[in-house]
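In order of appearance the chains are A, B and C, and numbering begins at 1 in each one.
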Amino acid sequence: MDFYIQVLISGLLLGGIYALISIGLNLIFGVVRILNFAHGELVMLAMYGTFWLYKLYDLDPYLSLVVVLPAMFLFGVVLQRFILQPVLTTSGVMKMFTTVGISILMQNLALILWKGDFRAVQTFYSMSTIKFSGLIISIPRLVAFGAALLSIILLYLFLKYTYVGKALRAIVEDHATARLMGITVERHYLLAFGLGALFSALGGTLMMPFSSVYPTIGGPFTALAFVIVVLGGLGSMGGTFLAGLFIGVIEAFAGTFVSPGLKEAIYFVIFLLVLMVRPQGLFGMGRGTEEIGLK
Amino acid sequence: MKKLAMLAAACICLMQISVTGVFAEEKTIQIGALYPISGNLALMGEESWRGAEIARILRNRQGGVAGKQIVFRQGDASTNSAARSETERMIEQDKVKAILGTYASSRCMVASEVAARKDIFYFELGAIANAITQRGYKTVWRTCPTSLDFCRGQVNFIINWLAPTLGKKANEIKVGIAHEDGEYGTSVANSFATLAKKTGLQIVSVEAYSNTSNDLSSVIFRLRKAAPDIVVAVSSSQDAILLSRQANELGLNIPIMGTGGGHSFQSFADGLGPQANGVLNVDFTQYHVNTKYTPGLEEFVKLYQETFKHFPRAGSSLANFMGANVIFNILEKTGGSFDPEKIRKVAMAMDIQPGHTATGWGVKFDKEGQNVRAECLVTQWRDGKLVTVWPKKFAVMEPILVK
Amino acid sequence: MLNLKGIDCFYGDFQVLRDLSLKVEAGQIVALLGPNAAGKSSTLAAISGALPYTKGEINFCEKPIKGIKPEKVVDLGIALVPEGRKLFQTLTVRENLELGAYSRHAREKRGKTLQQVYELFPVLKDRSSQTAGSLSGGEQQMCAIGRGLMAQPRLLMIDEMSLGLSPILAKQMFTMVQEIAAIGITIFLVEQQVHHTMRVADYTYIIEKGHITMSGPTKEIAANEHVKKTYLGM
């Protein structure tokens, strides 16, 4: 029994991080209506930021959030303003090419600037664990999970109760009508992209104490985030969180009881099955999935 | 990505042309150098290239080959299809008569086939897939060990050191395998399992995982259940760190032995810190080794540091250095000629005993073009350094058992 | 107050508005009537800045508003209640109303405006925390108009208010429009529902195939034989 609980814990802790990264993607997709194929690269960039702050200035990864989060927010804003905004009114394929291009460019810049080396930070708490009744929980992973939960709640409250948050939700539903209300849609796009980048950055930085960064680390995150966002329902933040946990747990159990090599394949199969039964995703509002060709 | 990489490659080429442009064509010896210098294999691809490059610089300083300066024509094997097209380009446009490379087995398989069909020599200095020299191509040669040699090194160590240290017989030793599920990890793990079973070791668990995975807890859980005496890991890059970290996190108290790849990177120890201490590994010759058996190693490191401003990042550059030197020696003996018959004759006649090259490997090619005197050494991470601990003649420290 | 002069407007090659001119005088209820696909909604889109026009100009309070984006047009005091309500379905009634006041000049006073809207449509207050999608058709239309009022417009444009409403409900809505006009908001009504519209409108334009074919005080228009036959079914 303990063993199952241990696996479950591993899955949940992993899922929290997944949710955090995915929520940024969902926000960007929901508001800006752009499929950001460079999403994993945002995570990668934040991880490198954390690494270099640690390496050059001896800054603790958690403290580096103070620098990394605003910087990544700004990076997202700039990306949206100067690269994506100009192509927003073009075809879906064009937008896709643009974000894929950004992703490839960022990977290669990382490769050129920082080489293919994988880099990790060493902190005194990297390996620290909590042990009780035969269970082991990694502290940095627990911290990441807690932060994921907290920030997703904060995002939820922000969207639910602030005026700007409501405007963002209105844009998610219908940007043309939102405009009629006097909502400056393009400016809100900047905010949404900035926030999306910020959440990915948070995920990336929180992972640094227990994982390494290298130029191509982003790709799998992009794929994973797509799966989770679609599963959780486009535009549904709570759905994304639950779907993140769901995928994390599936991954842990499939990896442990079927085969570690197959865990990605297994969650992908489950993803497709869920979509066949519920095309709007597990918690989705039923709109939007068709836009990425899944319906 | 391609564009940038091409641009970078083009720049490198241009630089070389401008440096060497003063020499007339016939006064140089042109050799293709094919490595993945962009894409996801770029790190070790470039590291490997550096080894060959140092050999080239050194040899040119000493007067070149047969009185001619050596020039590399670069190719970027960033993907398998790039390996193919770059090989074709080097042969058709750059008119190279021999190519060296490649670091990655999959790239080598593709590129060497193209070269072999056009009767162009292909010297593999760093890729280890057994199949490379088993396809009957007369023009494909390899100076470095094969993946089977890695496994031989590990099995040899487990039987001759681990078993006695644990007070067990070889057939009482239980081995768990964790490998990345790409071609590299799978083929090496298979060779190891086959060899290990032949020698009576028990394989109690084989765990494949994706090397892009960011969580290996399930691998650890499964290994914990199987409770082997040692875990043999075949990791390609950051998965090596992840495996050790999560082994620690989740209380897997079993020694881990890498198989080159991710376990040989300096970043493994840098990222893992003290936790890296005691992790075993088998690989090409590394730098903390008994230099009496590796003449030329110190000179290589010195020139490497002068050229690239830091210590070599992995043993693959040394292996490529050694291999490039073997090629240069062959070409020296043929008088700079690429005549297939001459090269074959000179190569087959080569007979260098172990302990006389920078890697300590001897040189003796078999009919298939494989250097049968290439071998892998067991190393161990000790205080952030990968020191050689086995076989004894290469060792600079005694191995220790860290769980 | 609002003055359209010689507007030409295209969807690709298709010309939807042809040399269209009309005026909305302050304090009046002005109606734009016409059959399906005549270009009524397109006229409103042109005014609100959502649809660019190739020729002509639009002045609001003597100032040209050509090229001003929709989100800024509402700042000038022109609010549009779009065809089909276009409420934010998953947002609550209250949130919908609040967002109506997003423009700079309306934002500060939105609390007060909200109370006024609630007074005008008490049912919206009862439904305030319900999602807009769960409202009945009539309630949705009230919510949409309320949302338009939240912008504190000087000119309120309503597109096909009666669409999908029962005759009784439609009648009530037109009475509401008169009440709104009474508090000093100029109203531009776009309709196919001719009877009710003519009951409340001071001035009427008829649009056919993108062109104004007839205009005048509503009484005169109503008396016209052509109008009687085609629109009033007499």
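Brief remarks on what is shown
Simple rule for what comes next: a residue touches a chain if its C-beta (ideal position, glycine included) is under 8 Å from a C-beta of that chain, and two chains touch if they have at least 3 such contacts.
These numbers come from a predicted model, not from an experiment.
When C-beta pairs in contact are tallied for each pair of chains, A-B comes out on top.
Among the remaining chains, C is positioned farthest from chain A, on the basis of C-alpha centroids.
Note: centroid distance chain B to chain C, computed from Cα atoms, is 75 Å. Chain A and chain B have centres, each the mean of its CA atoms, that are 36 Å apart. Note on chain placement: the centre of chain A and the centre of chain C lie 42 Å apart, centres being C-alpha means. Not a single residue in chain A touches at least two other chains. Residues 1, 4-5, 8, 38, 40-44, 46, 181, 207-210, 212-219, 221-222, 237-238, 241-242, 245, 248-251, 262, 265, 267, 270-273, 275, 313 of chain B touch chain A in their complex.
Against chain A, the residues of chain C that register as touching in their complex are 48, 50, 69-72, 74-75, 79-80, 82, 86, 88-91, 95, 98-100, 102-104, 106-107, 147, 151. Residue ranges of chain A in contact with chain C, taken from their complex: 163, 166-167, 169-170, 173-174, 176-185, 285. Taken together, the chain A residues at the contact with chain B in this complex read 3, 6-7, 10, 14, 104-105, 107-109, 111-112, 115-122, 126-127, 129, 136, 138, 141, 207, 210-212, 214-217, 219-220, 251-252, 254-256, 259-261, 263-264.
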